[in-house]
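You will see two complexes here that share chain A, one where it goes with chain B and one where it goes with chain C.
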Partner chain A sequence: MIYYFGTIFVLVLIAPILLSYIKATKMLLLFKRPISLLQGYRNFSKLLQKETIISEESSAVTRWAPFLVLSPLLVILFFLPPVTQGAYYVSFVDAFTITGLISLSTFFLMLLGLDSASAFGGMGSSRESFIAALVEPAMVLTIFSVSLMAGNLGIGQAGVNLAEHFPKEHMASFLFAGISFFILLIAENGRIPVDNPETHLELTMVHEAMILDLTGVYLAIIESAASIKFVIFASLFASLFIPFGYGLIAPLAIGVFILKLFLIATLVAILEVNTAKLRLFKIPNLLGLSIVFAFLSLITFYVLGA
Partner chain B sequence: MFVFDTLSLVFVALILLGSVPNLFYSFGYLPHIERKMHYQLHYFAFIFSMLGVVVSANALVFLFFWELMSLTSWQLILTEVKEKSTISAAKFYFIMTHFGFLFLLLFFLIVTNGDLEMGFVQMKTVASVFAYPTLLFFFLLLGFLSKAGAVPLHVWLPYAHPAAPSPVSALMSGVMLKVAIYGLFRFLFDVLYPWPLEWGIVILSLGALSSLVGVLYALSEHDIKALLANHSIENIGIILIGFGMGMIFDTLQLKTLSTFSFIAALFHTFNHMSFKSLLFMSAGSVLHQTDTKNMEKYGGLIKAMPVTALTFLIAAIAISALPPSNGFLSEWMIFQSMLSSSHIDNVSLKLAIPFAIFALAMTGGLAIACFVKAYGITFLGLHRSSNAKHAHEVNFLMRTGMVFMAFVIFSLMLFTPFYIGWFDKVFVGLGRSSIYAKIFPEGIWHMHSVGINGGIVSPLILLVALVSVTLLMFFAYKLFGVKTRIHHTWACGYKTGAKTQYTATGFAGPIRRFFSWLYKPNEHFHKQTIAGHETKFSDSSYEVHVKPLFEAVFYDSLAKSVNFVSYWVYRLAHFEQTRYAAMIFNIMLMVLFSYRVFAHDFSWATFVLEFLVMMISVKILIIGDKK
Partner chain C sequence: MIDFLIGLFLASLIVALFTTRLYRLLLWYSLNSFTLGLLALGIGRSIDDNAMIITGIITIVIKAIAIPYVLKNLSQKFHFVRQITPEIKVQYAIMLVPAILVFTFYLSEPIVHMIHTNANYVAVSISSLFLSLLLMMEHKNVAPKIIGFLSMENALFLLGITATDGMPMLVELGIFFDLLMAIVVINLLFHKEELRV
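The block that comes next holds the complex of A and B.
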């Protein structure tokens, strides 16, 4: 039980650090002086001290939506696969619930974008809805494929099963599913090449456009929601596709898990430095790739059993 | 004459749940209607006839109530004829519904041996000796799916539902379509029971196609009621996916999974009734206040109409299948039944089902996009026209109707185990074994999938967790005592105005562009450039219209071919007598030749020779010279 809550606590704490770490790695690779890993916390505390400016054009949706964006993601944190042996975990929640909760969070974020009557907000929502609609089928198919290999649809139990019996005989379909999920990780979190979280250029921004009218605590909430979403995806990827280190003794296992999260963040950073952002209408190609890999994974599993 | 088994009673409950809140709404709406007597007479007859359909026990009574249902709803569409398009929509509906009726009649004439007062049980004995059961199956499909609105018989929905007064649209879309689903349940189980595998696959593919087509056309709509009508096509598709999976599992002798899928389909039928009725009611309230169906003229209505906005939001969350709503639960069940397809031995079938999963998942994603659009453009932002500016909340009765319907949604969400237990009894009544204990093995908290390694969902825990976390944060924020300032939205130094907001057309823009191969949009772009500069213009307008592909290809080409045939019939009627004689001669020739072909040995040489002789004589004697 202590490990269960401990892990959740660590994940929440590590979330802003991970995003700062990605940014710092990118800066390092571009020969810039990197920002501190605690930059996320600095921004957070700065935003907490500010007053909230609420747009005159907006409605009750703006007052409630930030909380509704964050709360489904916080709930998901309790459903993630266990990091160490013997840690209590919620075995019954399946992957559909998790994707559904993520969609719920995105739904309110998109409404938030439309609420302030600004052209930017609508633009961001429109683009986000386009991307989210294409992510959904890839997500479901990937989950289906992984659940076949893990022998369980419950995400917690699947993580444990994969860690205990790594599916060596299904390595091909496992890899395909992994590739597909990594593309989804990038797309859902608005990283390059799908969205660039660092610019505020109307041609490119998706996530930033929706939250352009928020300040203070509301912005802090949305920013932490974004970082928690990244942690959720990273830890899902770590537990389902890099299922090692689960059997170690508890503190060590958690340490290995955190290392895996940083490994994934490094991968994302390297990818971001080496690719350019795609045009909005090229994104379906990338997501189509993810759908194709998910199908491939299923077909290899069914036909070849590999 | 009447039957009151669990299946019938479940559908009676569905109709009552759908109509009672609608009654309140309808009475609130009544002052708006001029022909009050006409409206009320048909409205009550409509509800009565739907109840009649689901309890009737022989073909004659069934057909009587079915026809009464079609005719009353047809008259209800014609209650308020303000535009010419209403009349043509009603005509279209009339034709489509009688197209379906024709096939139902054919079905009944065959399975009852002409004795229409025969009960359903005797029909089964007649049907089991009939040589072509697939023919009967297709009669049923054409009959019921033309009413339910599945592809390719869905074209009338986006015309007929918006044309009717709002309470009637809610009833038609929410309840009447479900009566057709009842028909499928009743006659596939009672009359045509042992199903070949292909039937299930047909229904599954129709469902997958309908769900995608419905949601894609919903996205391209600006007319809010037509958008909702297109979503009905989508949801009927989802119900059919569940139904088709049930049929496939049943033929493959996976009875537990089959019952699970059927329960999922039935649950989604209920859920769709609840949220689609509510959506039509809320949209009707908006329409009532703004006098326009065009979404581009709405905006900012949440401030003037908070109750309508809240109820629409609840229904939008439910129809987008977001947890923990009832829509999510039924879609979860349908997904789980499809994921259990790994139990199937037939590899090609096993490989085909992921495509249906893909369709359903894609539908879910697009539905979210569509309802963000519908809600955001209608209720959020600034009002885009003076119509929306002068709107205010609707009267008490209409609000009561909407709130009641929201309670129906909540009841389906909170009392899921109760409803599932009830649906389970339906299938026990139809000769299956009960699987309630397998879905809820540990009490009402966790809902299990019945497949091996299936998932588990716990709606109540999820709901409590979400609500408590949100409220906790909200009160923490309040305790925090943050200073709040109200100010205009920042618009890059320009004035924030209604015209700079995203429009519904613009919102769906990326998706429309991605699917332009399907939509083939008809774009009207006009701009008044200044001094010949492409980028400087004083005035511009952009409009885009999408004509459904099915309508353009299927129905229009049908109309064209009918025209073509009628031209030849016209020519025929104006022949001279010698031509008629020639035709009689040719027909005799054809009878003789075909007799030879069928009765004696077939050889290609004589066939070709005789065919040539026929062609020449037709050409010379009948067609003659071209003028």
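The block that comes next holds the complex of A and C.
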């Protein structure tokens, strides 16, 4: 029980550090002086001290939507696969529940963008719904095919099965599912080929456009929701596609898991430095590639058994 | 491990189908050939065939390093169009690629029963043959067509090393000479193209 809650606590704590780490790595690769890893916490405490101003045009949605953006993501944290042996986990939650909860959070984020009654927020919401609609089928297909390889539909149980009996004979379809999921990780978290999280330019904005009118505590909540979303995707990737280090003794296993999270963050940072942002209407091509790989993983599993 | 490499082989070919930049395409071709070379090394070591190991090394040196380098130099010399948009729209390619894969996986079903070792790889290599045909079909420019031709050769090579328990060394060397001849012919073609312009 202590490992179950301990892991969730560690994941919540590490979430802002991971995003700051991505930023720091990118700055290092661009020969700039990197920011501190604690920058996420600093931003959070700064935002908590600031005054919260709500636009006169906005309705009650702006007051409760930030909490509803954060809470489904916090619920998902309880359903993630276990990190160490002997930890508790929820075995019956499948791909549809995880995808549904993520899209519930995205839905409230889109409402928040629409509610501020500015043209900018509405534009951001429409773009976000465009991307989210394309991500969902690929995500369900990918997690579904991984669950098939693991022999269980539940995400938690699938993670355990993969860690205990790694499917060496299904390595090809495993790789395809991994590529597909990595594209989804980038698309859902608004990293560079899909969306640039750092600018406030009109053309590149998806996530930033929706939260442009928020201030103070609400902005702090939304930013922490974004970091927790990244940690959810990264830990799903780490426990489903890099299932090593599960059998070690508990503190060591958690350490290895955190190392894997940082490895994924490094991969994302390297990709961000090396690619340009795609035009909005080219994004379906990227996500189509992810759907092709997800489908390919299923058919290689079924037809070839490889 | 060999399953992983064969997955990477197919994955790099599929990504190459969707790229719109020439240098990125060369990179994917290079990765494709590199995995092919590693596959030859792996299979050669498992069946203890020295000829196949030598072929693998030659593959990595020629196909993964030399040919992309030469093609990049050529493209800089003759000022190729570097933006290569596929003629087949991405929406259709998304439907076409899985259709081709499913079709070829079932197509190779009767052959798979005949081959006892590495039976899946035959299906993958036939499907990558079709995919590189698609790569040749979907571009109008000459450079991606060359890449399509070369990856078709890669697919045939994969079929050769997986379906048989090691081809004769002489045949493989012959294939390499063919490839070099093809590059020379391509070079001549470019010169002719330049004269016409």
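Everything that follows uses one rule, which is that the second predicted complex is superposed on the first by the 306 of 306 C-alpha atoms of A that agree within 3 Å, B and C clash if a C-alpha of one lies under 4 Å from a C-alpha of the other, contacts with A are read in each partner's own complex, and residues count from 1 in each chain.
One rule holds for everything that comes next: a contact is a pair of C-beta atoms (placed from the backbone, for glycine too) under 8 Å apart; a residue touches a chain by one contact, two chains touch by 3 or more.
The shown structure was predicted, so the numbers you read here are calculated from the model rather than taken from an experiment.
Placing chain B and chain C on a common chain A by superposition gives a fit, with no clash between them.
Judged by the touch definition given at the top, the superposed model places A:77 against neither chain B nor chain C. Contact with chain B, but none with chain C, is seen for A:97 once the two complexes are overlaid on the shared chain. Touch criterion met: A:67 reaches chain B, while chain C stays clear of it. Annotation: apex chain A, arms to chain B and chain C, angle 90° (C-alpha centres, rounded to a multiple of 10). In the superposed model, A:37 lies in contact with neither chain B nor chain C.
Of the two partner chains, neither chain B nor chain C is touched by A:248. Of the two partners, chain B and chain C, it is B that touches more residues of chain A. Touch criterion met: A:291 reaches chain B and chain C at once.
In the superposition on chain A, A:299 makes contact with both chain B and chain C. Chain B and chain C never share a C-alpha pair closer than 8 Å once the two structures are laid over each other.
Within chain A, the residues touched by chain B in the first complex and by chain C in the second are 284, 291, 295, 299, 303. Contact residues on chain B toward chain A in their complex (touch as defined above): 300, 302-303, 306, 317, 320-323, 328, 332, 335-336, 339, 342, 347, 350-351, 354, 357-358, 360-362, 364-366, 368-369, 372-373, 375-377, 379-382, 446, 449, 453-458, 462, 465-466, 469-470, 473-474, 477, 480, 482-491, 496, 498, 500-502, 506-511, 513-514. Contacts from chain A toward chain B in the complex involve residues 51-61, 64, 67-68, 70-72, 74-75, 78, 92-97, 100-101, 103-104, 106-107, 110-111, 113-119, 121-123, 125-127, 129-130, 132-137, 139-141, 144, 147-148, 151-154, 212-213, 216-217, 221, 280-281, 284, 291, 295, 298-299, 302-303. Residue ranges of chain A in contact with chain C, taken from their complex: 168-176, 179, 284-285, 288-289, 291-293, 295-296, 299-300, 303-306. Chain contact summary for the complex, chain C toward chain A: residues 1, 3-4, 6-8, 10-11, 14-15, 18, 90-91, 93-94, 97-98, 101-102, 105-106, 120, 123-124.
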